[in-house]
């Protein structure tokens, strides 16, 4: 679960990280009042769960309340890479001496937390990693020991810091690791972490991603989940326990199991089609769930055909077939649907489908044939619909 | 022979009286697996499908000589269940549970590094050696005994591919679902190494997906350490960057974690990579035939 | 550092352990008031840093304030195995259903914390260990993982507990392990831990020993150190950094290094003498320190001769000799002192001693000879002093 | 040959600019030890007695190829210093520091169990292989090269006994002070095992004291695993129960930890046990002579 900058900062402050004072605003008027309260030069920053807001014009540095109001008026409602700005964070200013990059992530291969620190902060860290890899200090932490003092020294000395910078970055490292652990984060990233002219080390931007699997023990964080930020259909899918991701194509795809569905998307693409979505209905042949999934997939107006790819594993193929028929009937979809059913009791399942299938439902025996058919039918739909 | 589980497996089921645990215990017994004990704290003394239930793994292991465990307990208690199995000397531990916090798994992984045991999963379908032992939630009907090892990060995609193999008359020595979570007990390399040492396994199918760089590391291992031929398949070429595709681990976060990068690494290591599940079976057939 | 029952209980309460209400009293009047405040039947318990107070009559169960005052009057000032009772703990009563034993110690061989639990509580656990070892459940904790839930279950089930007892003991185990870690304890022991008739699990007695080496990070606990409880000379020794333990013999012993001093005690005993003390002056030849050590050793009236056994290691023998002479001169001791000096530059040291030694100081070349001489001289002192 | 430290030792001193560290670095250099680096955070770039000082062990190891370390840092920072040495691959780590909290050492001991490195101490005099390397605070003048291994829980008592050996013309292969704390990195058994494998060591002197049961475990090991003769000495027969005798670890807390119990175990295992330090040298002389 991704958190907004202002939420992440509030959490990080509770672990001792230092930030500038800031106020969240949902309207230009609120932004104006916030700027007045903070006084002096402030930054008005779009709150979105995606990077690149700076380049997109989502950050403005202003000098008074009126300018803040204007900037907020411009930024609120803005679309940044598909995300609508619904709040801005109005934040006080500071005189910056130096910008650093600091993050802690989960390194899957090492199975350990990985700290990345760089004196090349405030810029795209992936670019630094490519062009100047020696400028990034990498340190793995043993999760049972935690971050040890010598590791903090290694990072600080390897980065060539001294004085206030060394002390402030060292302190920040310790607090950030506590936050990473305490919040069950899969990522905490501060870019930039800044050294001010008066020697303080401040968290100027914060990206915090909390492991979804841990939310049961972080009720306070789970409550921060912004339902409005998600695509409405993705949101609905989540509520009924489906994994749904909207894509740009015209072939709607449903299947059971993430790997199989990903593979189905690939096979559709190989057959010359364009997947309209990823939708994993999970295990079982629950007609209700399949029905909801079909609704969600077909609510995407670009969808011109649907491919339903099921590998009956534990659930038997005949049961899947019955569930599917019931779901198709219930949702009353008229778009062409290609069903491919395989695995345990697949023959029986296919027989049931063949006997009872409505006209718009087609069955195929293999994944490849099903994909080709769905792609063909999508083209057919487009043709028959003319220039819809 | 087979790897991880076989005729000598004496299986203990943690969470045997839960819904999932109870259901799959029945299926594992039907597959002829030697399920010797179940554990549910507070239900010691009962029995389930003829399997005695104990309060602790310690007690169950002492009474029944169990040497492998499969875990069905809910996520908040699953890491503890793994530690419990480790402490009582289980050699193979399959954790089926989905949704264990990643920080819990980092602690488990750190600790298990000091032990002899092999942890499969979590969030995995388990391990099945056809005709010998079924320590999994996989549908045994699609399997057939044979000489192809299967190792996969994905569940149903594995069934799809195993089914295609079996339909072509190609049986399996052992199929291992290593799980799709960011932190898993055992990665491709360890399983490939075990298949390499298994005289019965003549070819290995490796099924990967987007996210992480486990496939790249595996490719390097295959090239350097393996004589046994490997056929690979990667899912997720059409997955957009930054979107979660069901598996928490399958997030395309960097250049290394894309399907393209993985396929390239596999081909660079001289591994035959199929472009769809059916082609996997074809390539295996060719490999075994040649 | 050992803590009194009332101190240990206060610390354990802060970790969530449940106890009965109690009040410390230094006079019979305070005890009376405490009993009145608590009401009903109360226990008046001697506070001493040694076990066996029950057998010694240091615990009384009384039914009202007057009885409490009487009991406190009797117990205060009592000598329990060399420890004077200066405070009593007046504690409320409870109806006890069952008594357990629970402790966590450091297992040196396993290098891990060891939990001992037994349903045979309220009695001498060492006796239980001998006569009924199967009644004690032993569990090692991995210090990096901490006490895990499954281990608590193992202990509780192995002890055959269920219901309230299982829950209460489980909770107590978790809290006690947190206390053991948090307090840097080398021992936390609850004997008895009781199950009350109304289903509560209470800490009825508590022995807490905190690792001396950790006191730098536990200032609050270090302040609890009871200077009055220690032998005055042991206390003085501690202040100047000497290790001094008073024993019952007549040969005073000083040396450098704990192992060498222990060995010296043994050799004196083998020579037929009785060591009057253990005194390790540590490294260096600091005249001040040696002088204080001589003072402390000879302030014991039983001492009839002194054996000074030095192995000059890093410090050279000549320096040790000079320091020693200066110390003897300064302290003006007339008792016979046998000096044995060996190691680096020992010959030079012995020469210095031989040239400048007062009459009562004798030098020997080997430990054995020195021990024999000191034993002889102790006898001589006794003879010449007659029936002192 | 020798054990733990020898001509190949490239020593790094942690806390080289502190009072103790500086003093003993000088002495170790005088003994001909190859001291290649020192570490004191914040003093990197300086040098001490010609030894370059670094900010971190990592940097020092990379620059100088150090393979062993000796630790003189104060107790609150000592456990961290041990972890730092372990992380940079030091093979032998001698921790001289006295007064490290026992809980810190339990964590260190738990972690070190998973590593190849050998930790000697803490609260120990260190390791000295006469004529080869001195990684200790022991007075080198009393040592002589030879064929007797010495392992001890006590400092000055070791000097006493080594001195008696040297005076009789009996030299030492290596002397190891394992330290007197309750939790130490290496106990008698591991050192005895190393001496057993050292072709140069023809006899081992083991110096124990009251507290714990390390001597009993050692006795069992000697009986079962060793061909090399062992002469033992235990101090503390006159120590009263329950009193601390200087070493935090030397508390007589149970029947097993008394000098009598230890001596009995040694004799039961057929080990010659001396009753005073002089007798140790006599028994060694007899053993070598016979």
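Side notes on the structure shown:
Note that the chains take the letters A, B, C and D in the order they are written out, and that residue 1 is the start of every chain.
The criterion applied here is as follows: a contact is a pair of C-beta atoms (placed from the backbone, for glycine too) under 8 Å apart; a residue touches a chain by one contact, two chains touch by 3 or more.
Quick caveat, the model's predicted, so the values are computed rather than measured.
Counting C-beta pairs in contact across C-D and across B-C shows that the higher total falls to C-D.
Centroids of subunit A and subunit B (each the mean of its C-alpha atoms) stand 27 Å apart. Note on chain placement: the centre of subunit B and the centre of subunit C lie 55 Å apart, centres being C-alpha means. Work out the mean CA point of subunit B and of subunit D, and you get 46 Å between them. Shown for subunit B are the residues that touch two or more other chains, namely 107, 111. Multi-chain contact residues of subunit A (touching two or more other chains) are listed as 142, 144-145.
In terms of which chains touch, the assembly is arranged so that all chains touch all other chains.
The residues of subunit A lying in touch with subunit B in their complex are 106, 108-109, 111-113, 126, 142-144, 181, 184, 186, 211-214, 216-217, 243, 245, 247, 255-263, 265-270, 275, 278, 280, 311-314, 342-344, 366-368. Residue ranges of subunit C in contact with subunit B, taken from their complex: 142, 144-145, 148-151, 153-154, 157-158. The part of subunit B that touches subunit C in the complex is made up of residues 41, 44, 55-59, 77, 80-81, 83-84, 87, 107, 111. In the complex of the two chains, the subunit A residues touching subunit C come out as 144-145. Those residues of subunit B lying in contact with subunit D across their complex are 113-114.
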